[in-house]
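Below are the structure tokens for one structure; questions will follow.
We just call them A, B and C in the order they show up, numbering each chain from 1.
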């Protein structure tokens, strides 16, 4: 029997019990719409966390000395030639399109002193323009200005440190650390700007200075401690990391360099995303089970009320398999049409009302941080093709699952017995 | 029609369409399970975070000298420079019914050295016996055992142990400042290594007996910085704190009795946020379920329109027809609840007592100074389960309202004549 | 973090800079005009030596405690120094060695030596009001500061100069300015005033009890006073002092550090 006939029979049945169809379809439409809404916001917020997280840390992908993450010593820095190679690769046409920001940094622990005392600090030598597009430090300005190209002895200091060292804009402070020769070297700095990140440790210990000052002070020439990269979105990370690893294979094997993606450099962030996604899957999995029961109910009822009809059809030559197929088609069509309608509606509504972002700042506490990253209360939904495909497959699967039992029942209808029914 | 046995009629109707009843009930039961389980898991997460931020190391309520925070000067001990009757205070505190345990602490900063490696760290003097009743971080040591009072024994965090490359039984040189300005130094034996999971603590904290630390920094036995208190319910900390503040004597210097919410407001807010979401979850779940029930009820009433027509023809009021339909709905509700309970209860008990390990999905996560470990542990919340049950019944009745109305409006004559 | 520890461990190469007086060039008669920089250089050189050995007592008064210590100090240039406590009795033998950029502490009570990373050099030296910074100065005052004569004349019947030292633009110093009062006839400093960048007086150092040690005139008593904590001060007094003692780098060894002599 032609598949088209089966479909036609299925559709006709749906139309005959319009109210029932519509009611069941509604649950699917609402479900589908809310599902896509929830996932779009979920994906959007994860992307936002990742973006914020990598910009606070060392980027989606970072290239550093293999030992550096563990020892944090200047001896384990990235040599100039490797740095040059990395920067060249990132600027090349094949990669440039995926790269949003690159920042080469020289980070070291030291001591900062002022007339009021001394404190341990993390000094980051950065290139102001690169760094400004990479991290959000420049946006956290509360006083003065961010570092600029051409700055010399400028320091960009957190509010906590300003307080503990009793500093003001323009104040002198002296930083000391062990340089490349293993000797203690001192460097004068003047505060040009103050930032507030909202994370106490950062506000009390991070100082940003121009990279060339850091290099001179520590005698490292063109070397840096890491090169961080922010890419367009988290999907491109794997490709970029693999590419870099490939091109830098020589350096990597010699132990001069190591390529790391954000999951490795900030595992807590990866965990947070995983847990949130899991929660979402769990909730929606269950909700759709409920919807599936509804669908099963409807399809089953419609089957059980058409015993005679199926009996007649079978008497006319319809095989049990084909009978089952009709019911299956009915269930799946109901699900698919309402599901896709729901998803489409959800997509459009989400985009229309919240395309610019949903502001949940009323719901979450101010200054909420996890693992040192401040959460942005505005969530911009992210519509991913992969996610959409996932959702469609899921809906079809639900439709199929819900229709299996009714289809089997229909297939098992005994033609003679069926004739005894009214309908 | 006053003596009509509505429940029986309702039940009989349901029995006649067993499959439909069961499927509808299953949908609702799954909804019930979903709400209770998801909220249970969410509460499990919140509880774990509050636990790690409090029971792990800090305690739910902390008592200090009013001047102690935020500078944490060594000299601002409880009761001021003259100290206080610590045992006496502890007794008073432990008399409160909501208090599980209380323990004194002393803090000092200094250096820990082994061979060529020296680390800056924080020394925490504790009463080993009282401390384990109060906090959890010493319950499962990575290595070794607790220090004994009066002995130069010390515990360090896992990360510090790694950085200093030391293991149990190794000797450590401990250097600090005495309260008299002298340079305090002594040899300690490492007797244990702990792991809190919070990187800051594991790399900078060390634990030693409080009497030993007191003599090390040249402070008398009646001077401590903090008394930490564990309460039965973390969320009851504020009331306990207020009560303790009244019960404790003033002494040489005013005291501050602070619940954990004041010390970690971000976490407190985060938890409160969680609570507000539960209502939304219930609405979502039953909002979806309502379609299924409505559908089911509509089908049911439509099929039995002849029956309603007969009832009405015989003189029943529309209201009694509503009663039939609604009681049917209510019965489905009760049945679903029973099913839901059967489905939910064992799973909740299982996941509460033997939560599956989720480390395949995620690792330890630090949030607002609290630690989240990867496990799917759920918490019981009978109040919420009750609320969900009521919501379920309300959903069912709401879903049946329209079908009931329609049933009541069945035109008897037309229906019976076959239209 | 522990104040006393980090300070004690901050054994300065240039500890001697403040405590032990090295050469003092015999004052040459001032011919014609005063050259502020040259004079300051001489004053500064009071504070540097080739090699020297001394015994001093240090008294520290803080809000919370008072302490008196007696110590023996050796130095060689700016890279090496050894300080050993003689009193109080229970801390006698505690010693700090600084050789090039490494610092070690010997703790007699436990008979152990620990190595302190220089990154742990915090604020004050041995709990006193001197900072490690005061002592770790490798460069001369005249390298980091521009010296100007502010006053030449009599104060309390003593002929003095008063100099104002302003930091050179890139000098790694955080003071806003320094002021020195120096005796004209023997180049002895009388006081130093340290100002922060806002022009606020932060602390003062007073020199007195000028004595001859090993043929040189030095102020035997130095007192440092913080302005924001009026009751507190640190006073160092020299009991013994000798120069050109003929030690070399090998003297500044771990073995000598642990020597309880």
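General remarks:
Note that a contact is a pair of C-beta atoms (placed from the backbone, for glycine too) under 8 Å apart; a residue touches a chain by one contact, two chains touch by 3 or more.
All values derive from a computational prediction rather than experimental measurement.
Counting C-beta pairs in contact, the pair that comes out ahead of the other among B-C and A-B is A-B.
Of all chains, C has its CA centroid at the greatest distance from the CA centroid of subunit B. Subunit A and subunit C have Cα centroids lying 57 Å from one another. Mean C-alpha position of subunit B lies 58 Å from that of subunit C. Computed centre separation for the pair subunit A/subunit B is 28 angstrom, with centres defined by C-alpha atoms. Of all residues in subunit C, only 100-101, 118-119, 121-123, 131-133, 136, 167, 170-176, 194, 196-198, 202 touch subunit A in the complex they form. Residues 75, 108-111, 113, 116-118, 120, 173, 175-187 of subunit B are the ones that touch subunit C when the two sit in their complex.
Listed in rising order, the residues of subunit A touching subunit C in the complex are 109-111, 113-118, 120, 153, 168, 170-174, 176-178, 182-184, 186-188.
Within the complex formed with subunit A, the residues of subunit B that make contact are 19-20, 23-24, 26-27, 30-31, 33-34, 37-38, 41, 265-266, 269-270, 273, 276, 281, 284-285, 287-289, 291-292, 294-296, 298-299, 358, 361-368, 372, 374. Listed in rising order, the residues of subunit C touching subunit B in the complex are 1-6, 8-9, 60, 62, 64-67, 88, 90-91, 94, 105, 107, 109-110, 112, 114-117, 120, 126-127.
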